[in-house]
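Here chain A shows up in two complexes: once beside chain B, once beside chain C.
And now, the complex of A and B:
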């Protein structure tokens, strides 16, 4: 019991050490998370069926107005938070898991495996990701799962490189050497020594990957490559922009502005949190 | 310290780009002035329009949609052209219909030259008809067995004998683009022939630049053109990201505007706003060949009753459209029958019809199912610009207990899917609704000419013998009034049978600056100002 409590207390302690900016960012993310979880309770209107006159301005029955089909924007943004967070976290998780594993294998085994994996990583880093993502999203067809997979496919290289360098460094440490001489197997070393050392770094990276994935998903949806009927923030903006002559009408003031605001808030908050965490993981950053 | 450097660089970059943008707009302003200078004769040097890649403008390589086909038509002439009121003599000076529609005698114009300077002769016309029967053109108006034989009578006359009389044959023959014999006679694969010679025509414009990647075209007036003076010397199609913005900045000279933006241009003498006739429409297709459930007339009627076209128009087109007529032909059509059965929103009737088919119970999600548990759930394929429409349809049909799953693709992929019958339900939007009603025969008579135009594709598994007989009869009927009666009857049958649902015909607005160029016109059966060739030529 005490162990569990300790595990819960640890992140809280970490957050306590955050600067004011970091704390605010954390609260914003927490709020977005709550909005996403309780979307059905806090949105009065349905998110996929029209509930009022088209393009009515904010105020009254629709706090953030409605879009061209008369669908409530607040509801769409609430449900959109689900999509954005889901894509962000799942992508980051997949990328961190895959990348971490590849990094450990590459660093620990060394030799040809390492060389081949590193060259693949080099290629992936050089490849411009957005064009390739567009091609792949267009090829595999628009669906949320595909987007997550495509994004993860382009995100694993960052954790992989970091983990590999860490493992390379750890491998030469005296206590690892001695564990090896006592007959510790690869699996034992990985989960007993490498993972605990590498985890904080991967966690920091995950936050950053989440932000990146959220933006990329919005970008792909914005270009019309997302799931056409899901309600992600990028897709709301896509529909708004595709509305003929939106900038010549007052409609952009709510239809485009609010999803953009939500997206920006979330991405900026994630960026600040990742910076705070980085500061802690690497004291040299704190200059 | 590096941060400070970064800031300075950033500021420099931003100011540099601002400077560049400034220069850009200056340049366009200069061009505009140049346009005004020579305006006294109503002529203009350059007209710029929204670009986009619509294929190489040869009769065999362009994309089978308006923006592709009508660019091609600037280069290639037909024997007849579509004027403001009807067909007008073009490469043919006059024509005679002989033997009750079995033979057509065209007298071709003298002194016409191809773009490469060679004279245009009756041989070219004969060659074209024979070649087009063998290799159907993209906008194929004549099929492989439509023409029995073509003879040239002397130097300037061509006698076409058709297999059987057909009321729309004059239109089809007249619209076929005439291609030069001396270039095409050795071409075996016309679709792959895309050299510079492939765009040699007799038309008023020559293609001087085409860039597939940027989607740009440049057409220059042909000096030795036989016909009316070109009032526009150069037509350029340029890439545009936001058409209305580009129009306001003077980058393009004509654009379509949505009703919401209209107030900016209305009541302003500098602009002229024109509403298009409703000849561009969306239709809902049923793949009756692969999905037998769709063969039930009652189901299709129920879907018709469940769709509120006016809501679609208000939300998706912001009011700029007219609801579809169940008889297919739009209200602006010369042979429109206003007395056909119409399906206004009526959920009760829709549910009654579904119950009659056995779909009389609802599952927990409110979807109709029959006693075997078979649900009314369909996948609707739409082009990506109609996703919003699909969402409205989804909502409307859900009220009648029909579940719709939306699948979207870009326009060209979607066109191909519909062409190959890879869909269950599909929304297809295209022009040509104002054409000769013989297109009804192509769509519903189970007769497919091999053309790849979206207006011809998308119906299989539908067969109604009475309708087929009437469709065959109308095209043999050369008397206009009697034919109209037949077409009226055909519309009544179509309205009862609902082989497809015309959702609405758009009546969008175009805006242009009359000071710069005021020659725009609509062809009698078409929705777009920029598509008509005569828009760029001197008219009386």
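And now, the complex of A and C:
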């Protein structure tokens, strides 16, 4: 019980050390998370069925107005938060697990395994990810699962590199060496010594990966290549910008503005949080 | 050519081979086959007789073993044949060549502008470290660096083009414009490219700024700078000969390493401004399900990015003779 409490207290202590900007960002993300969780309760209107006159400006029954089909925008934004967070978090989780594992293997085994894995990472880093995602979406159909898989495929290299360099450093430490001479096996070392040391760094990196994935999903949806059944923020913007005459009417003042605002707030907040965390994990970065 | 460089070159060839092979395998891994596609597209059911099926299989070479198909695909590719576009009914390579220049134009302009502005601001910031100017620049550029280019592009489009009417809403040139002279044409092209380039530049400047600020700060702390000053060299000479020259190295690598993400940004920004480059073409191709065209663009874009990185490797080796093990430049 005490262990669980300690685990819960640690993040709170970390957040207390944030700068004002970091704290604000954290509150923004928390709010988006709450909106996503309670989307069915706080949106009065359905997010997929028309519930009023089309293109009505904000105010009255529809706090953020409606789109061209008369669907409530506030409801769409609430449910869109779910898509963004889901894609972001699952991608980061997959990439952290896969990348972490590869990093440990690469760093611990060394030799040829390490060489080959490092070369693959070098290649993955320079490849442009958006064209690959577009091709995959075109060939295998745009589903959220495909998007998450492709994003994870392009994201694991970052945690892998971090973990590898950390394991390389740890391997030379005296206590690891002595553990080895006492007969500690690979699994014991990974489990007892590497994972606890490496976990905070990967957790920090996950915030950045989440941000990247959110942007990538929004970009794909904005192109019209996202999952058409999920009402993500990018998809709302896609519909808005493809509406004939959007430039010559005032509709963009709510139809495009609010999803834009939600997305920008989320991306910037995630970036600030990860910046603060990186600064704590590595004091050299913050100057 | 030392051994390191040869292995590096081999790696690049291997990567290109992987991408080309992937490009060959993708349509074959896709659910369905060409006949399913043909018969589902017309609206009413078209059933191919077995004879017709055999005829078309032979016509497209699909009856040969996959290995043979692969070989002929490779040899066609080496001759520059990227296939035939279904929608435009034209060789894919011709269509891509027409559009490639626009994307190059946007990307190169953004690279030059953002690198220049970022480096200058970063150096200023490092020079006035911890003063108000540094803090002001740092805060603003960090925010700018985190907003994706296409979201910035949307703001620019709706404020400067749709709202104020200062810039055109879409395209790269005015349609059916009779230009009096070449100067007018250049102005028109610049006018159209201005907002997309600015969007890409702003999104990139932050990263370049942070990197050059860090890099200059690191150099400023070095002993040889104290030596240079003690020798009585002028400040100007210290800055240009000693500080900037040494601080430039990580900036050069970064310029090329981040090209991949810049290309991704350019694809999205082109679609915001309906700019007729490869990114816009790629989306059009996806929308009309023109698979050969999608594959052709994918191939050209990735190989261009790889080529740029190879050049970066080469330049870096020339700039910094200390680098003999490439992995060191990444900080391992």
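Couple of notes before you dig in:
Here, the second predicted complex is superposed on the first by the 287 of 287 C-alpha atoms of A that agree within 3 Å, B and C clash if a C-alpha of one lies under 4 Å from a C-alpha of the other, contacts with A are read in each partner's own complex, and residues count from 1 in each chain.
The rule we apply is simple: contacts are C-beta pairs under 8 Å (C-beta built on N, C-alpha and C of every residue); 3 or more make two chains touch, one makes a residue touch a chain.
These numbers come from a predicted model, not from an experiment.
Under the clash rule set out above, the superposition-derived model of chain A with chain B and chain C contains a clash between the two partners. By the touch criterion defined above, A:224 reaches both chain B and chain C.
Note on chain A: of its two partners chain C and chain B, the one contacting more of its residues is C. By the touch criterion defined above, A:135 lies against chain C but remains apart from chain B after alignment on the C-alpha atoms of chain A. Of the two partner chains placed around the shared chain by superposition, neither chain B nor chain C is touched by A:200. In the superposition on chain A, A:127 makes contact with chain C only, not with chain B. With both structures placed on the common chain, the touch criterion links A:69 to chain B but leaves chain C unconnected.
In the superposition on chain A, A:244 makes contact with chain B only, not with chain C.
When the two structures are aligned on the shared chain, A:110 is found in touch with neither chain B nor chain C.
Of the two partner chains, chain B is the only one touched by A:49; chain C is not. Residues 138, 224, 247-248 of chain A lie in contact with chain B in one complex and with chain C in the other. Interface of chain C with chain A (complex): residues 11, 15, 18-19, 26-27, 29-31, 142-143, 146-148, 150-151, 154-155, 158, 161-162, 169, 214, 217, 257, 259-261, 263-264, 267-268, 271-272, 282-283, 286-287, 289, 291, 294-295, 297-298, 301-302, 305-306, 309, 327, 330-332. Across the interface of their complex, chain C is touched by residues 118-119, 122-123, 125-132, 134-135, 137-140, 161, 164-165, 168, 211, 215, 218-219, 222-225, 237, 241, 247-248, 252, 256, 260, 263-264, 267-268, 271-272, 275, 287 of chain A. Within the complex, the chain A residues that touch chain B are 48-50, 54, 68-70, 138, 142, 224, 228-229, 239, 242-245, 247-249, 251.
The residues of chain B lying in touch with chain A in their complex are 242-245, 256-258, 260-261, 264, 314-316, 318, 384-385, 387-388, 390-392, 394-395, 398, 406, 408, 410.
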